[in-house]
Amino acid sequence: MKEKVISLCEKNFTIDCIKANCRVDGRRISEARKASISLGPNWGFAEVRYDRTHAVASTTVEAITPTPDRGSEGSISISVELSPTASEPAARASLFRNTGSFIETRNCIESFVRDSRSVDTEALCVLAGVKVWSVRVDVHIINDDGNCMDACMLAVMASLMHARRPDVTVTGKEVRIHAMDEREPVPLPVHHVPLSATFGLFGGGRPFDPDTVVLDPVKTEELASNGSVSFAFNSQGEVCGVYKGGGLPLHIRSFEVCSKLAATHAVGLTAILKAALADASAEHPLSTVRPMLVDAEPVAMLAKKESEREKLAAPTSTWNATPVLDTAPPDIDAMETITRARAVPKNDLIDGVFEHENEDDQNEDMKDVGPEEENKMIVEKLIRSDSESSTEGLEAAIVPKKQRKERKTRRR
Amino acid sequence: MAPPPKRGRGGGARGLEYISLDGLRVDGRLHTEVRKIRCSLGTLSRADGSAYYEQGNTRVLAAVYGPREPTGRDFEHDKAIVKCEFSTAMFASTARRRTWKGDRKSTAAAIVVQRLFEGVILLAEYPRCQIDIYVQVLQNDGGTLVAAVNAACLALINAGVAMSDYVVACSVGYVDNTFVADPNSLESGSDRPELTLAITPHSGKICSCQLVSKLADDASFESAMQYATAGAKQIFQVLEYEVKKYSLGLLDSRGMVAL
Amino acid sequence: MEAHKHSSASFTILRPKRLSDNAEPVSRLSHVPITSPGSVIPTEDHSVRARGTLLSCGESGNVLTATRAGVISRVNKLVMVMPLRSRYIPETGDVVVGRVVEIANKRYKMDVNATKHAFLLLTAINLPGGVHRRRNQEDELNMRQYFKEGDLVSAEVQERRKDGSVALHTRSLRYGKLSAGQLVTVQSELVKRAKKHFHELPCGVHTILGNNGFIFLSQTRKGAISLEMRRRIARVANSILALDSEFIAIGPDTIMDVYQTSLANGVEVKDMCTPDVVKSICVGARSMREAA
């Protein structure tokens, strides 16, 4: 795909703007666009917007028989597709599958997600040699306004964290997979959340020329740039991956500047992601894009959600509304008024989310609510206590299958 | 090649020690030592530029055609385009491969090499031309991308393509809680961090960088970069000497015929 | 570096034969200012830089670096790097042998072993019969009658335009379409610019030494080519290839020297390509070159 052209005048203007530290959209060179995430009505459906760059990801989980050489591991695969709606060259090229830059994006994301072990493939094993979970994330870039890499990465991680797989009972050699409405679906084993920051590179290219790096380039900047570098960090400050696939040779000092910026950027993005997960229940109709449903929701549930939506004072983002400029976390007070009625005690979270809670309270809670509301409440508890504790709370909530199972057996 | 069996960090499942008590690795190297390099330029007579490169047991052949007329419809009016193809011979690994071109790793490597040289070759000197780089891996013992980059650099110098500087690559692995320069296939497992770095040695700028798997923190990333840069500088000395030897040999055999 | 030889009739991919393994040239020619990409070229003030160099602004002022592997050449204030190997670079006045690749709008695109195809304008060829007239629409439609794709044409470089494109012409009776002969490809640096490029060798072979490294061999007189003539043409071709592999300048004198040596040594035409034989027959030519 010949992603051409930017006129010389635009290119020179863009570069001059960058030198003056006031980019074409008014940002500084180390400032990124605000990300907004909405998690869909279906489990594992995430929509990410960086102003006009728009990517949509969906996770599907399937139980398969593993290959003989990797019998006790599940698999995760990612595919990135450039939708013909993304840009004019993309529409022209939509007949041809082979677009070099998106092969790079996909390889990059897979390397950041898979090779840094963010999803524990060993925990995706149901019964060694017999059944494993195969997780597949499909990303579609709906609109390309620069920096698809970061938007896709965020969409993938949001989708993975929001996804649920069916619960499973293993008795001896027998595996029984429960339907999504039969038993509460279980989240995926995500250990840490790598999020990427991409920088556009500008400079002369000759041996001793200085170079400039620009965080989160817009499309015009991307076309005017001489290459890009992506860093993936998680909120603990671990570097999960670096990809610089050629382009302008970069001075090592600029490289270090980029990595520091990327680390702080990842922390900010993780906060936005957590806030979005808190807003996890279906408030976004998204009727135009309907991916493969992970679980089919009965109409009664949807109606219930409709009535609930009216109760909540917090602003909701809908498909046709003006783009959300800032994701403020949902109005916690409003939520609390609803949940206080159920008399959920406020607890300090330590590892193992539910061990210290009052059993009676729990049972009372679980009786009259469905799985959706249950999850919402759990996540709300986490958000409230999360302000005190660190990210352990969030990750602890995702991992403990055991505790949930125990709870269910108690329920019976 | 069948992936090595999964091992936890720090020692193998079968008790394989990557670094012995003396600090020597499996093949007797120190952790900062790069494998032995042997290379030669001008091996293929029909190509504009060619090079054969060996780094330990990894052997790679690179050929450059160009600058020449573009073969397809796409060309740029003000600069050259670079195309790269990376293929691995079917006999290169211990297990015979079924595909030798077009699989994901090869296309990924080809894209990296192409983008890398697009940044270093002075494309503006060859408008409406095409430069083709073909890399063929003859034997794979880890570090094929590194060997490909180094071999392609030599081949481009042999072809007389204008470049702003050499490009030298080196990789760094992580075994037994230490960084090791230039890991071979045994030391570069599927779940271990590996950093592949390509730099322009005279100015120290970074052309390409790929980190696979995660590292504990920023400090260790910086130290991995330092290992890689040091390793690349070692490799550069070998390459520079080889180019000088080749140039002088050529001048000698020409008897200083007017160039 | 060892060459991998398993048997006598084997294929070595490692080094070309002329490269010596020892460090002798390195020490002997250490005074030669060779350079490689990225190396800094020491310059004086007010030096003018030319081909093969790159100026960049470092921290301590301007720095001149080389962009190719080659020899630094300084002529007065001009500094440039002469590359060791490159494709043929056409200069005005060169005689070349080219192959028609495409017929485009009023011009023929020719492959002359350079970085880009050269073009031969319709107005720059001689019409059959030596007619002088303006080319008209009919001529344009009949372009294929004069030269088609795949034809070998000898021509002269008319000019090199500013955008790098090269224009050829065949405005002389000795240039034109070539037929009934053999093309030999050598490295373009070996064919020097000389007064004459069309030679009739004493053995009866007519050669056109193209500056681009394309050499065309044919028979002097017209008519069918006899078996004996074919053998001679083959021997001349192999002599030229021998000179090419030994990197000796190609001219009628060196070609004939190798030809005579091979005859004197009783070498069969088909054996002239083996490396040892090549060395032996080129001995005379090499000394001739060194004396010059």
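Going by the order they are written in, the chains are A, B and C; count residues from 1 in each one.
Here, contacts are C-beta pairs under 8 Å (C-beta built on N, C-alpha and C of every residue); 3 or more make two chains touch, one makes a residue touch a chain.
Computed from a predicted model, the values in this text were never measured in an experiment.
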{"item": "Arrangement of touching chains [line / ring / star / complete / other]", "value": "complete"}
{"item": "Between A-C and B-C, the pair joined by more C-beta contacts", "value": "B-C"}
{"item": "Chain whose averaged C-alpha position falls nearest the assembly-wide average", "value": "B"}
{"item": "Chain centre separation (subunit A, subunit B; CA means) in Å", "value": "34"}
{"item": "Geometric centre distance via CA averages, subunit C-subunit B, whole Å", "value": "33"}
{"item": "Where subunit A and subunit C are represented by their mean Cα positions, the distance between them in whole Å", "value": "60"}
{"item": "Multi-partner residues of subunit B (each touching 2 or more other chains)", "value": "164-165, 200, 202-203"}
{"item": "Of all residues in subunit C, the ones touching two or more other chains", "value": "38, 54, 56, 65"}
{"item": "Multi-chain contact sites of subunit A, meaning residues that touch two or more partners", "value": "206-208"}
{"item": "Touching residues (chain side subunit C, partner subunit A) in the complex", "value": "38, 54-59, 63, 65"}
{"item": "Residues on subunit B engaged by subunit C in the complex (per definition of touch)", "value": "38, 40, 42-45, 48-49, 52, 61, 66-69, 122, 126-129, 157-166, 200-203, 240, 243-255, 257-259"}
{"item": "Subunit B partner contacts - residues on subunit A that touch it in the complex", "value": "2, 69, 100, 103-104, 107, 111, 115-117, 194, 205-208, 226-227, 229, 234, 237-252, 255-256, 259-260, 263"}
{"item": "Residues of subunit B that touch subunit A when the two form their complex", "value": "2-3, 74, 104, 107-108, 111-120, 164-165, 190-191, 195, 199-200, 202-218, 221-222, 225, 229"}
{"item": "In the complex, subunit C residues that touch subunit B", "value": "1, 13-16, 18-20, 23-26, 28-29, 32, 34, 36-40, 52, 54, 56, 65, 67-71, 82-87, 111, 115-117, 163-164, 189, 192, 246-247, 249, 286, 289-290"}
